[in-house]
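Listed below are the structures to be examined.
Two complexes, one shared chain (chain A), two partners (chain B, chain C).
Moving on, here comes the complex of A and B:
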């Protein structure tokens, strides 16, 4: 129970005091229990007042303070710091918001505003009386980061985290790193081959000893929390004998005659059962398709030294202080029959087209037929006002146009039709749109309600579309190939990942950050960050920006070896608790565990995980769990305080309007005002003239002269010759 | 259902259009055009048709003839897609489309063909003069006869059938039902526009362009009348001689202004002159100027010793009559006024 409380009520320079009678409230509260001093101040946040508060705390030996001013969002930390500097525990401070909650919204009813303010402040005083001194929770963290997903985002983040001295575990589900970008020969807007970028990143990755890369690896189980996540990783075997030399493996690969569908090329080609995604795929060790080779006894015997089909999955246990999830996206897979996909032979998706472009260096040939006319249909599986994916995937317009430019560059005599809903080549990508349109690509705009209809017509395809740019004229397009410009969707395994790390997912199934603007890479799980397109559609640059942002956040978190957390968390009263498990059931963060204590089972709170959300407190049948700073005593006393009768003599009518201020009531003008008035001495002067005469900065003089003008100390009289400045003179 | 034809863009580019593919359909051109209205909205629509290659829509459209090329659309185009020049090219393309002989298209598209045709006609004149042993009397007599026969035959064989084709493309093929009386009533529109070109005044740019053009039209028609009907070169009437002088002076002075404008590229419409544009203004100038000199030489009794001058004039005249009038830019005189006529008919129907 605090008995020496200081109360400060802020005028906010009129913002509060014009409507709320802060002086009267200050006087009234002086007699409240425990209040030692109560005063109104012009600006509570001003340096001078902060100094006064510190000396008050020391002089009057205050054990708690209340400031009634603006929103805690603005100045909670200002006054917590004041308390800290005066040697008072910051948790013994309560801020009451009488500006946003009283003077501003109730400016039409000053009396009621004053009464409400008085009630709120009294509630604050009662609450602070029960406040406890709490210290921040210190947690030791391991300087190691688990990065999930080795696409460009994950690789870039891993490199930066390693460079800053963190141990990095980079795990990749595929057997080769790089992700989607390795499937594109020409990336906008640099024109680079995706494989080239991946090779460069891989070389950089390998130059750090503190990065450990696991391929064919998935997250199996996650436990622990910020600072000490324990993660089990399942690593699938490559079925290549680790000790075999690379030449022998190469020979086996050359020897292999068993062919399977090449997933990397979307089944357009076949690949050997011992394969790499592409010749330069990294790590530079092939993978064996064990199922396809299991019956090839002769072949296996011949290469027994390097092939080992008996290898089993391995489970590795890793400990990391923090986790960065960069699992990326899936390309939308059109449903069978959507714009003729799968039902007609000449319909492919954009990622598939990009593979075709790379596989056909001279002439574009698909289904043994040369392709000359290509029709792109945009927004497939995206921006569906009635479907699942309502969002725009940001990069597909640019990507499709880039492919169209590449087609014109690489092959002769191509004609491209772009059936779009809106073209969103934002930023510098706009130049690609301009180039494509100038080179003769035909853009046709359709509405979602009237989508193009794709029909097979002999060996080619007919598309019927209503062109909104030609007053919905019905057009017919003959094309050799239809390309569905598919957007991004969340990975099909995003739900499993989300469950393992407890990352919330949105209705769009992408991972959710805490706040898209203010906490864009943080998740509600402390220590778990997200980067790249697992969070929502992004292009490569944007993906890398977000993952690097997450990397720097993680580095800042782990740098000191310890993390200081807010003490506002749940606490269990061990005596009262009888472990019914209800609190653990409702806790979304799995912060509550059952433990043995003496002869009974009780609940315990993991301080690193608990966010102090408070959901456990009301469900406890024996009232054994409460939230620090929101204890029953504090809340109940606040209510009591608010219910007490307010005995306030407040002004009935306000004359707050500055226009009506007849003059300033000051015992004495400030020194600067005296100087200004001295220089005027009956004559009229402009602000620069005054500033020059008294040798004070022009901005300061401006501020003061304006104030003096507002309070009718000086008045204007005409302007100077250039009509730049007003003349000021003394008011008679 | 109209079929999208990307090859049309390649075709129309041969007629001088360029960059119109850059259009992103903002509609600035139509908004800024002072002649475009609700019933005839252009040039955006035609840019769009051209990009999509909707040939049948374009051949049925009168809009290219309703544009008098102030160039405002090209100046304000944010994509520099040159809609004004596209409209100009569409007029050339339509001229070729209406022409049943197909020569018009060849002359527009292939410069070597144009040059060959001009050289061949010049050679024909010289050979003819040779066959007549360079006898000035006979040649001049023939020249005068030629003018009359050329006018009659060009009209009957080429221009009237071509106008009929224009009628077919814009009225009959789109199945617009028109009463006979409407055709008669619309005649007034035809002649007003043929002899005043008053629609040009709707353009924002300048009234002087219209005035000079109008004087040239009347100068040309009256000089034609003076030489063909009044036999300027053969007459001894002082009034007719002076009239011819006045007409030819006005004509070559004013056409010179047009030629100079194309050289200086002083206006948007002068920036992208095609061979057909050069030939039209230069030949008109040369025709008036050489006629002027011929008459001076006649008056000074120098013509018999300077037969070359008359041969030069005759060459220009023949090239004008058999190439430029039936297949070249001259036809816009007819197509523009008939476009106004057909438009009136379409609106009444």
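Moving on, here comes the complex of A and C:
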């Protein structure tokens, strides 16, 4: 129990003291158990008060402090630092929110607000009395990173992590790096070929000897935690003899006559059973389709020196301090019959069209017929108000329009119809929309409730669409090819990845970050980060931005070799625990394990993994587990504090009270006020002038000058020439 | 009229990352609710122990409100399920002590749910006013 407690109650320059009688409460609490000093202060966060608190802590040998001011979201760290600077453990400090949760919402009832504030602060005092001194948990971390997925996001992140001196293990499920972008010849908005970008990144990747790339590799098993993840990786063989001469492999490839469907070209073409995705695919070693060649005895004997169909999967064990998941997306695969897909031969998806464009250098031919009229149908498998994928994939409009521009550029005499719901070519991509409109592409808007109907009409395809912008007049379009503009969906194996690393999945099935704005690449699993389109639809620039942001976060984490973790975690009362396993069952992070202790089995918590969520605490039948800082004593004493009788002589006060604070002493002003008053120094100034002189944002200066004006610290004197701003000067 | 004077005391359990900021929002925007509402913020609503709820009733709180994260919880997708279990367990304990199960309520409060929070407090306050002070619950038939 803490017995030398200091209590500081903040006026917040009137934000609190206008409604809550902080002075009376301060006096009342002086006699509470354990309270050594209790005072009201004008601004608890002001530098002068922070200094006073530090000297109080030292002078009165305080062992705990309570600050009653604003929300802990604002100044928790300010006062933790004060405690730290005074040599007091920051966990022996409690913040009580009497502004956002008392003076402001109850500004209509000042008397009752005072009573509530007293209860809240008393609860804080009782809670801090039970507080323990807890040290942060220090963990040694290995300066190695596992990057899962070698698309553009993963490759860029791997390069930066390696450049910063980390060991990098980059694993890719496919046999070749690059991912989806290798399938597109012309990327918006730069017009670059995806393959060139990948070749350039690969060359950079290879220039670092602290990057190890594994292709044909998947995550098999994950254990350990922040600092020391132990990851088993399964590497599938290429069935090429590692010692074989590359020329011999090339000869075997040339010699091979067995053909299989070419997945890279969505089955539009056939490829040899010894293949590369495309001629320049990297790493520059072909792969053998073992199943297709297994019966070709003669061929195998002939090339026995370089082909080895007996190669087996290999399991490698890697240790990494942190993990970056950049597994990317899948393109939405339309259901059979959706807009005639797979039912009519002339219906393809946008990624398929992009392959066709690359495969047809002169004329666009599909199913042996030239394509002249092409119709795009947008938002396929996306923005479904009733379906599974409610979100917008944000890059497909731009991608479709880019393909349309490319069609006009590459082939002559093409006509393009765009059947859209809304065009979302945000940012610079809007220029492509303008260009497409100018080149004569026809845009027809339809309503989700009345989607276009695709029908076969002899040799070509007929599309009926109700034009939303001409009072739903029905139009019929004859097209040689229908292109379904499909969006992004989460990868079909993302569930397995999520289970292995315990990354939460959202309702859209993509991986979830902690907070989209404030923690955009962090997951709730310490040390596991996400980047690129595995967290939601993104274009290439956005994917790289997010993966690089994750790379810098990871580097910052591993840089020092040790990581300091918040001590707010679960702990087990070894005497009471009889191991029933219920806590381990509910733990999302597998932080709880069974161990032997003396003659019995008990639960133990892995400090590096535990997030301190507390799920395990209520399920324990013998109440043997609790969260630090949220113990039974602490919570129950708070409840006691709320309910104890408040003996407060609240003065009947007017809700607007300006006089009582007019005599505030200078030393209690916050630093910014002092700066503002310093610049004025007898002269009169407008708010923009003050802002410029002290180099602080105008909005902030406005707020503070207004507050100072309210409390008669400054007064107005006339306006500037343009009559835009008031002049302020110091009140005499 | 006694009922007009009676202002039910409500204990709210909120969560650090989501519902507590939502309650802060109500203050920030000066949306009023009863000053007999007291809040304790925890990491996650699934960590509330039924014995804390019982302690609150014993000490004189008239109702307990759980401002949960619902599907937004960043700790566990099963957060709502676990929190529900805690409430059911607490209600069993309440039944033994003759406390109406209506005195405990849960709703998902998001980080900007200022109005919904204040509405919940008003509605819950009305329900508790009808029930009367804690300890005045009649023998529960069911």
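Structural remarks
Methods note: the second predicted complex is superposed on the first by the 654 of 732 C-alpha atoms of A that agree within 3 Å, B and C clash if a C-alpha of one lies under 4 Å from a C-alpha of the other, contacts with A are read in each partner's own complex, and residues count from 1 in each chain.
Everything below uses one rule, namely that a residue touches a chain if its C-beta (ideal position, glycine included) is under 8 Å from a C-beta of that chain, and two chains touch if they have at least 3 such contacts.
This one's a predicted model, so the numbers in the text were calculated from it and none came from an experiment.
Overlay on chain A: chain B and chain C fit together in the combined arrangement. Of the two partner chains placed around the shared chain by superposition, chain B is the only one that A:415 touches, whereas chain C remains out of contact. Look at A:700: by the touch rule set out above, it reaches neither chain B nor chain C. Once the two complexes are laid over each other on the shared chain, residue contacts for A:434 go to chain B alone; chain C is not touched. Shared-chain residue A:99: touches chain C; no touch with chain B. In the superposition on chain A, contact of A:444 is made with chain B only, not with chain C. Contact with chain C, but none with chain B, is seen for A:120 once the two complexes are overlaid on the shared chain.
Judged by the touch definition given at the top, the superposed model places A:614 against chain C, while chain B stays out of reach.
By the touch criterion defined above, A:477 reaches chain B but does not reach chain C.
Touched residues of chain A were counted for both chain B and chain C, and C has more of them.
Minimum Cα separation between chain B and chain C in the superposed model: 35 Å.
For chain C in complex with chain A, the residues that touch the partner chain are 9, 11, 17, 20-21, 23-28, 30-33, 35-36, 38-44, 46-52, 55-56, 59-61, 71, 74-79, 82, 86, 89, 118. Contacts from chain A toward chain C in the complex involve residues 71-73, 97, 99-109, 112-113, 115-116, 119-120, 123, 504-505, 507, 512, 514-515, 524, 568, 586, 588, 611-615, 617-619, 623, 627, 630, 632, 635-636, 638-640, 642-643. Put simply, chain A touches chain B in their complex at residues 373, 415, 417, 434, 437-445, 464, 467, 469-470, 473-478. Touching chain A in their complex are the following residues of chain B: 1-4, 6, 9, 19, 21-25, 45, 48-49, 51-52, 54, 79.
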